């Protein structure tokens, strides 16, 4: 509970960030994003880009699963569609990077829409499993449509160029990936201030009554699928520029599970949740690895010994969050903020 | 911290590694890890290379490309490695542009993918053995030698790894006058192979070559085939030829053959002092992945030594050139013949066969050397 | 058991089956809903518990039957005694098997089980075994639809099924939460008649939560009225029915005693005396 | 009063609607008119098909025969969401609020079908989407929140609200739908006398001040008889009576099928006399 | 058309189908009682196989004893998992619980890798290996034995559900836990029971699967095919698991034989899509009741 935020107008009440303090923090955050590439090591730049890509994709999945209530285990496959589209365009047509990314997103969006078609009849976890089917089928296409996808060995693409700059290293790609992610996140946040976002939430809470209230179920479910896959497709396209090798094995089912885990750990149905969750889940294995490395002076050969523990910790994190912090990191963050705001009385 | 790092790097020669210590390929990762460690220790105990110590910096990747790249980034930003071990074909391909840009190191890895055996596309990489197609070549050469005109079948898993040598393998077989009567692909992770065995029985091959597996489902395959009374001889490629893996198949493994570029841990051949050394360091059995890691490290340090001896900087191209200059190199018996590395691979191998009674892999052919260009 | 209780009753003061003493209930460790609530149900009697929406009637019943824990609620003070023993620490199913049956608000029938399977489920409460004739005798309509999925029954039929399950369980006391919710006037009357009949014929005690005060008063002998978590007024039904506030707010009668029309209430508002 | 209205223009006419579930005939050739500006109530025993009728009218169920007209236009081919846009709003028997949203968002959702923000506008927000949202907000505040006296809970999560308030929010959401015909399914079920009085007042105000035609299903006979202009009685999916409240209440078939004795005092006397009921358990 | 071949292939397919059905049964049991989609079923199966491996190969116990101990320990694991992880999730959204089982699967993989290492292993032979011929048609005896064991268990369960009132208790609990409590049903006990029995079945399936294909920490992918089975059959239908298990086994075998191994998964998942389009709740699943 914040003290002393009397709203002056409805417009103020409807805005995303309601206080000057929040705006200030936001500015600080953006400033950090701006100077980050100049102070970070290549490793941290790499991780930052990876986090940003995952944030973009997780935000997309959050639209579909967190807000619309349609569980999808096909997010990785949609990323794959985006990545292949981008790689194919870059290799064969050499179209501009941004065009390729949009095309990747649209392609994935179309694929998502197709997968979403059963969602009108198939519900709940049946639908979740049906999306696994989609990822299996896409994997099959990736692996066997050799003339386009390069078969199992996939596509190796040249670096993208933008305004004459070659996007070769994370240091360059950062300026492509992070702004696009920021834009996509802002878009998602905006969405839930409007009728479209509300319709999604209504479908999540009770789809049949939503219909009687004037929401066209098929249209909005498909829209949610399309939008979520568009996000995945763009993220996949960024992924392609980032790694420059796209193979069928790049987007396994496990990756879809990863994104689902990310939004759960972060907090379903929360924009901040997807950001925190994706960042957290991307960083956890790395942090664990560091811990193991720090331990190695004491534990001889700790790397080899403690490695299975990492698999366990990945699982334990999901389980732990669900058991002890089911609202996810976003809720923890809010609690923290509340405490901060009340301390000692107000900021 | 960074300063300390680079100061060290000036002294030490860093050997980085994206090693799959967990995940589906962990069994290989562990062997490789131990092998590299041991060779590094041997070199350092011997005073390093021109007084410069080796420093091995591995990181687990769980056999995931993004984790491997992350490990690479971290290791390269913290140290300046000149040598690197990568874990998968996808990683090798992904990191290749970066390698060339970085220009400071050479890389080898756990992948014997045919694709990587191209010095033009992958100028700073190599593999410490034959590529998968060459493995097939060696196996087929052996088959053609023992039973000219034999009927062969390929059984492979539906992965990049599995599909790699199938097409060239077919051409190769035909060139050798062998008949490829069936190619059977199994989905990754499949358990029950009854239908595949039935298919194989219809084809009645004299030889069936497995590729793309570690162990499962080979034993079940063989056991069902034997139950059906099939006389087919079964063969495997490198990753399914480890002693533990083969013996782990149980009785059915008896007579299972395959190509192996290295000698087994327990080989007491007189010309293998290095194996003696390994047995001293590690009294228990070490896998063929260990040998692979060990030999990789050995070749890399040889390249470093040659580069330093020539008074050159430790750059990727220099190192690779030094590596390519290796000719008739004595591996201390790890490979039974002197080896050369004119391109990206060492197309040498030998056919071993399982003797389950003696619990040994025994050689059934001499060392086979493919001519280097005939991949 | 009922027979024994019956004799006891004749010997003197009826025994108290259920006693709620100064109970406080908190949801999610934060929201306090009951604030020191007390009530008693005598053996063989029907007691009504009335109160406006959100007063905590359902919460009271859940506190008694132990279902509170499922909604992250807890009794933080006071005690509930069933048959002389505290219910705190007893699992809900154990209470049911001991003869305390809760017919929950909103019917809560098992939608994807058939009518008959719903009754089978109730046999877990002990009681009459698998003989459902009694239920079908009270509710012939259920007999007709015994193989239908309960989810497709109409509201009234579902309510019958919910009470039918209580009959199968043959408990000593039934906690009834708004049994007339959504029922037609005739069915409401029917249900209440049956409630009275069960009470009369089988000696089953009842604690009845109901919005239809007139109906509730018709079948019960004693009533409690609660507001925001505590009892504000209680007494024998005869007395309450003469209380001016009760007449006005629960029975809808104007000051002059005749029933008030809904058309006339438009701008009329008077505060309840017990709140001031 | 009822007779005057019965000559008015029908806002909604139901014509020979038939609806079946498998073998079950839930509605059988049901016909009646809802006169513009009236409060029309549908009553009938449980399972008579009242809710099914609502569902058929609002397009959630597809009737197998008959047709529905809204202000003279047939809407049989109009899908449910589109009917909402035409001004057919409703509340639900079992509260169907969206539990993950605040009261305000629930109400805003009611306007959904009348809004035009497209996907790109929504992602960008500033501009058209924002303007539309702010207008909506202002209107809801002015016309609905104040009117239904729910300003203190506008930012509360609906799941935590007491039942009575939830019903009120449902009404608010239906009002946000710009209804021309408002269908209320058991608006006062589970309410005590006092709350019922509040709701009755809102319903009458909506009718009078907003000029909305009201179609209501309710079992609370006191309220139905007091505030309706017209009553339709359904039994086993068929209309068995149709007329002014007074006429319907006196109709012997209605009494037999639905109202029963209707005399609580009598019931009480019977029970207290210990006679035990004689009619208990009788099938309808 | 080579009919003998077709027949043999079909037999083999039905053999695997039996294992699918069995594992599907474990899955359905949990779903029926607790509405939990247990994505860790593959890992529980793997754990069972490893436990047997530990007893039979590690401790070199006689096979019958190893089997008994495995089943016993699996029961303990089932009870423990339910108590520690599932029960606290009562009332949470199905998605959360579904994710929880994914986490659980990951934990199990880690534990197994920690104890037994990451490498694939062979189970000691405990199934008959003498070949079996039906007329001229060959059938792997292991598959036949596994199929028989699976069939017996599945049929036993179909009967139990038909004639035992516990079946009603199970479904009642799944439908509405609070209401089940209020019927006097011991809900925690139903939960435990479902998990215990399901884990025992999964362990049994694990031993059979391991006997055929060997064991590895990754063998949980078997669960993926089982997922298809239970969706096609209907999540809450024991009979559906049986029918769909056999159907999927058959389809996989035929696709593998006539189209090639790469088509196996494609075929089963395509079937899944087709079935869901026609019957959104699987072949025999209960429709969710949707009313306004």
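The chains carry the letters A, B, C, D and E, assigned in the order they are written, with residues numbered from 1 in each.
By our rule, a residue touches a chain if its C-beta (ideal position, glycine included) is under 8 Å from a C-beta of that chain, and two chains touch if they have at least 3 such contacts.
Every value quoted in this text rests on a predicted model; they were computed, and no experiment measured them.
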Any chain in contact with chain D as well as chain E = A, C
A-D or A-E, whichever has more C-beta pairs in contact = A-E
Message = Relative to chain E, which chain's C-alpha centre is the most remote?
response = D
Key: Inter-chain centre distance, chain C versus chain D - centres from mean C-alpha coordinates, in Å   = 28
Ask   = Taking each chain's centre as its mean C-alpha position, how far apart are chain B and chain C in Å?
value = 76
Query = Hey, how far is the Cα centre of chain A from the one of chain C, in Å?
reply = 50
Ask   = How many Å are there between the centre of chain B and the centre of chain E, using C-alpha atoms for each centre?
value = 37
Ask   = Out of chain B, which residues touch more than one other chain, so two or more?
value = 22, 26, 30, 158
Request  = Please list all residues of chain E that touch 2 or more other chains.
outcome  = 113, 118, 262, 265, 291-292
Message = Where in chain D do residues touch at least two different other chains?
response = 60, 92-94, 96
Ask   = Touch graph across the chains, line, ring, star, complete or other?
value = other
Task = Check the chains against each other and report every pair that touches.
result = A-B, A-D, A-E, B-E, C-D, C-E, D-E
Key: Touch list for chain C against partner chain E, complex   = 65-67, 70-71, 91-93, 96-97, 101-104, 108-113, 117-118, 120-126, 130, 149, 151-152, 165, 169
Request  = Would you tell me which residues of chain E are touching chain B in their complex?
outcome  = 2, 5, 8-9, 12-13, 15-16, 19, 113, 117-122, 125, 129-131, 138, 140-143, 209, 212-214, 216, 218-219, 221-222, 252-253, 256-257, 260-262, 264-265
Remark   = Counting only contacts in the complex, chain D reaches chain C at residues 21, 43-48, 93-94, 162-165, 186, 189-197, 200-201, 204-205, 219, 221-223, 226-227, 257-262, 264-265, 267-268, 271, 274, 276-277, 279-284
Contacting residues of chain C [partner chain D, same complex] = 50-54, 106, 137-141, 152-157, 159, 178, 181-190, 192-194, 196-197, 200-201, 211, 213-215, 217-219, 249-252, 259, 261-263, 265-267
Remark   = The chain E residues in contact with chain D across the complex are 291-292
